[in-house]
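Here chain A shows up in two complexes: once beside chain B, once beside chain C.
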Partner chain A sequence: MKISASDNMLKRFRHEFIILAIIVALSIIIGSINSQFYSIGNIYSLLKSTVIMGLFALGSFLVLVSGDIDISFTAIGAFCMYVTSKLVLLIIPGAGIVVIMLVAGLIGILLGFINAVFISLLKMPGLIVTLGTGSMIRGFLLTFIGVRIINKLPDSMIAFSKITFLHKAQANGHIVGLSIGFVVFIAFAILIYLILKYTVTGRAVYALGGDRVATARVGFNITKVQFFIYGTVGFLSGLAGVTHSSFMRNGNPFDLVGTELSVIAAVVLGGTSITGGKGSVFGAVLGVFLLVLINNSLIMVGIPSYWQRAVVGIIILLSTGSVALQERRSQGV
Partner chain B sequence: MKNWFKNIDSNLIRLLFITVIVFAIMAALVPSKFLTMRNIESMSFQFPELGLLSIAIMITMLTGGIDLSVVGIANLSGIFMALIFTKAIPQGTSGFPMFLYIIVGIIIGVSTGAFAGYLNGLLIAKVGITPILATLGTMQLFTGIAVVITKGFAISGFPEAFLIIGNSKILFVSFPLFIFILTTAGISILLSKTSLGINLYLIGTNEKAAVFSGIRKARVLIKSYMLSGILGGITGVIMIARTNSAKADYGSSYVLQAILVSVLGGVNPAGGFGKVIGVVIAVLALQFLSSGFSMLRFSNFAKEFIWGAFLLFIMVLNFIQNRRAAKNIVKKED
Partner chain C sequence: MEEELVVVENIEKSFPGVRALSDVSISLKKAEIRCLAGENGSGKSTLIKVISGIYKPEKGLITIEGEQYKSLHPIEAIRHGIQVIYQDLSLFPNLTVAENLALNSYLGNNKKFLKWKDVKEIASSALSKINVEIDLNRIVGSLTVADKQLVAISRALLNNAKIVIMDEPTTALTQKEVDSLFKIILNLKEMGISTLFVSHKLREVIEISEEITILRNGRKVAEGSIDQFDEPKIVYHMTGREVGAERYNYVPQGDKPPALSVQNYSSNAHFEDVNFDIHSGEIVGITGLLGSGRTELALSLFGIHQHDSGNVLVDGKEVSINSINDAVNSGIAYVPEDRLSEGLFLQQSIARNTYVSILDRLQNKLGFVDFLKADSTVENWIDNLSIATPSKDIPVSSLSGGNQQRVVLARWLATAAKILILNGPTVGVDIGSKEEIHNKLRDLARDGLAVVIISDDIPEIVQNCNRIFVMHKGKIVERLVGSRTHENEIVAILKKLK
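Then we have the complex of A and B:
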């Protein structure tokens, strides 16, 4: 903990540099084995694949930096996606995508606040609380709201998945574009970065993860900060849910849940310390890129897809292990 | 300190009380099904798996850690055993040689668990990775290796003699329950009577003080994860013997359920507190709830909802109780 600010910065950059280097090295290796990898179509599709995990990861990142852990966000995402789709179809089938996203985000905020009540007011550990709320939310969704896949989504959600730009012609003549979802992801990443860096609440998120008691002594309102964190997680999960069903062109209430540990793994790959106080948005985004790259490119280089889990496991261990060893060395243990 | 233990005990008594109420309610709601020998018997085949996994997680929680990989360990052990049972045993083996093959298979399965746990312990104690991350990684790795070995398919068709472990009874007690009782008794003695057990609690209560008082933290941690891995291996034996098949991703929802059970049972995830008996009561409570709701034709999703609610309910009750106790201490001190 006794690391000066400049040392700390250097270290943080070092980790991001390592992740970036791994991404570049992997890309070169994959590309040299299969040149299809460099095709603009593949790159666009990889970027699109980062969107859902990325939105979830931004929320997870906030929680981890604050020194806690949340595993209910995928259940929140599925809940928001399904309930919003049903509501919109029932009441305002012609609603625009922005309205739909806001409704989903709002439901997400409310669910996030439930987590915040337990974690902040009752001072219970996030892992336990979100284990409880996560299974309640999913159980409620599948018991009381529905298990049927919605095949006909609101038009604006389908239209959203078709919005692309930066159009390029592929070698085979097909014109491909980058999904707008990627822009949404990056825009929120920048927004979270700005909030963390320039607002008092944002600084408090880091402070809370570094030293809770000191944060309270300095005069931060910890309850308010935690409501901000879990509300934001809920909002981002809502967005992720709607975006997911828009990409899939259907609303499946069974989707998303089960991916939470990979999302956390991605954030941690990006250098966020699970004990709180350390980590950067840029790192988290890189972590998502790396995990998506591995998940989607094994097949391209001829590694059967059943190797995926083992490879992901090894990469998590190598990455977290190298960071842990580095920290030990710098602390002279 | 004394008051803490008093609280833990009152939490335990409350949990026991709630468990009895759950049992009574279920018995009252569906007496024709719930109170039958058949149901009680079938419950005694079902809960030992989750019970053993929960105790495995409890042991790691005592030191302030966690073992997310324990179900992965159980499956990997199961698959190694399955390979021996389906590939190594020559056709027509029976009698004593068969018995030996089965013993060897089980030893290999449980050793796989011990070795996997040792790897977890090394990563946590020597490399210094946080337990959640280390075991998140090894969970992927162990399950991943299992998937690679089986290419995602199930291995089935084990010797009849082996299936006895999962499907028969010894003197009215189901074989899995028999293993469960023996194992929990062993772990209980180990935790309360041996220096390893006491050191585990000390590390979870105050790590620095434990280290300064001469406890070799790394060693104790490695042993605790090995113990968790061994329990995972034993669970693997029961799992494949009961279902007559081994699959890479069997029971993946067990991880969160096992955490739920240990926390319900009064184990403090931050370390230092928790008793085997609490976890045993908690797993029984969940089994009663689960069987009862099945008979009431509740869907699995409704159960998921109720489990989550149950966990939060117990946590809030404990919170209120502990706060009241804390207030009383303050008053007395005034």
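Then we have the complex of A and C:
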């Protein structure tokens, strides 16, 4: 009856392995049809495309693990991005990128706390609360703060989008580099992983998703944990918002909102349980990679863009379905 | 040497409209095993919650280790070593055994960071305290109930428990698992830890406890050393009346074909070559160890599981059962083991829960439900089964366990079933209601129903069944006549099968 450690690993990360396998298989197929796929320029550009969705996904992952759901993070991201840009232009146009990110993150934390107040203190379901706050934040942004696209961003934001490293020469002689944004994303992924794995608060997030009553009985302060979760979601959303406008080189208040379901899909694709308690940061990151790969690369092999959505849906059903099937079989049902 | 660890005196506790506890006192010595017995609603849970600091009593005094309290705070109770193991165990199904065990001490020591090596060490030392071996890396959700309970007990001990309060710990355990739980409780006693054992399974109460306190309607009605009590006496104090222990007598009626005849019935991996006949008016008991295939057999007769070969005859006519619909139409009804998750729509009314099984028969010509007919059917059954409720329109969740069970019965009896299969019909039902349900089943059998009771509760089976089958590894290994069988015989058979 004893399960060996390696067996256990394989079982516990079964979903992640499946997603990794799909990513590898897709890459081989796409690359064999269009060798452009393997060009360093394309790979760098794919990695850059994961940044915004990735930052959002990390927050969304936290909420899902805790057994709830948040759909307001894109609205928070847009709000932080637009308000921060305006504020900085108005007050300190020369502010550095770190300051800008911190300001956006701070606004995000405050907005996240609004969610936490309703979800934690009034014990309302996250879906309902964030449906409300998301809509409210967006409406507030467009009504009171502005609808005009900011075309001249602070210089440091433009500069940020140009920072690249690991420079390589492409076949056509162009020098390309990997965007700093990707480093930011991966750094936060590692940070979230460490928090979840090695802090008591991080374990409380899993505990909460496993059994709320037991979490309270053991003596966790659920309110504190939830403020941590939604605050972090807000911070990451603020970061994602600023990074997005920096990449786009403008501040468009209509951007981002509408992508929240794709983000949640990516996290679920990565094996995070929608009912809470299960999932890994690694899986969530893989889910984002896979979704970005589908969204950006199927076009390279001539699959029309409308098809991409169908493909995403099919992969979600197949990957989560196969895991569910295996679980059922192992229980002998 | 005998020191009083906890003394609770003259506790009064009321909730809106109910006096839950009046003038209740209880005390617990070091290394004592005391049973707290009482029916549902007698105040057992309230008393536990007063001792563990969750409820604040209006009157009374609690003395723990010499310190006096008007009321306790949960943290104070934990600091004094009072640990409650709730019926639901309060474990995290998604985390590993190691983490479930260690999280508490991390919280208790106010640590912020985890060292996974320490987590494993804390956990393995906790398990070794009660001499059990469970893979620390297993996810708790994948453990058996018994193993989960061991994890919960180990976790309680980690917090320097001096008193372990177990709330109905044996409800979901098989006999073998109960035995090993009792070994652990005795082990705790040797370590100087007291146990307050809450149960209404009398056999267990008598087996394990040294002292007993019995509550009824929020008052203490009896107390003393367990030697002064026997089962009937405990039942008398719990219910306030004599409960009959008369056996069920079946008188064969003519030579009608059997109501249910099962021939060479087999299902891959679950049961094999099962044969039996049941006549109307009979109550047949099926028992066996966990994994004996008895539940699978019932589920398959009700069309939930598939069978591979064999025949089923109802009233002498062959029927083919491949779905629940087939079973219901053939006159077979099944009352599941876990009525809360499998049997009832808890938030829905009694009426809806009852007529849901016969909606198609309540249709009028236009295909709409004839609610007048539905209501009168429901009222009939509420009357017939004496379900205690102010109205048929209140949600089932507000009924007591015994009454909920009766609603499930009503639903299936409404289908005009000829064969009623019940799986653990009185699990979690208190003694008074239990007796009423048994009497009802006897009445129904006398009126011509064929009843099959699947149960772990040996006294229940021996008292109510005129024939008893023991199943093991998917086969009926023993067929006994109820009136000639003593409980101990069956217990002995089951022990041998292990």
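One rule holds for everything that comes next: the second predicted complex is superposed on the first by the 323 of 333 C-alpha atoms of A that agree within 3 Å, B and C clash if a C-alpha of one lies under 4 Å from a C-alpha of the other, contacts with A are read in each partner's own complex, and residues count from 1 in each chain.
Assume contacts are C-beta pairs under 8 Å (C-beta built on N, C-alpha and C of every residue); 3 or more make two chains touch, one makes a residue touch a chain.
In this text the structure is predicted, and so the values were computed from the model without any measurement.
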Worksheet, complete the sentence: Partner touching more residues of chain A, chain B vs chain C, is chain B
Fill in: Touching partner for A:122 - first (chain B), second (chain C), both, neither
first
Worksheet item: Should A:53 be classified as contacting the first partner (chain B), the second (chain C), both, or neither?
Response: neither
Worksheet item: If you stack the two complexes on chain A, which partner ends up touching A:210: first (chain B), second (chain C), both, or neither?
Response: second
Worksheet item: Of the partners chain B and chain C, which touch A:198 in the superposed model: first, second, both, neither?
Response: second
Discussion item. Under the stated touch criterion, which partner chain does A:286 make contact with: chain B (first), chain C (second), both, or neither?
Written reply: neither
Discussion item. Per the contact definition in the header, classify A:220: touching chain B only (first), chain C only (second), both, or neither.
Written reply: second
Worksheet entry | Set intersection of chain A contacts, chain C complex versus chain B complex | none
Discussion item. Applying the document's contact rule, which stretches of chain A touch chain C when the two form their complex?
Written reply: 2-3, 5, 8, 12, 197-201, 203, 206-207, 209-211, 213-215, 217-220, 276-278
Practice prompt. Mind listing the chain A positions that touch chain B in their complex?
Written response: 69, 71, 118, 122-125, 127-129, 131-143, 147, 258, 261, 264-265, 268, 274-275, 304, 306-314, 316-317, 320-321, 324-325, 327-328, 333
Worksheet entry | Touching residues on chain C, where the partner in the complex is chain A | 86, 88, 90-95, 99, 103-104, 106-108, 111-114, 116, 135, 137-139
Worksheet item: What residues on chain B touch chain A, complex-wise?
Response: 68, 123, 127-130, 132-134, 136-145, 147-148, 151-152, 252, 256, 259-260, 263, 269-270, 299, 301-309, 311-312, 315-316, 319
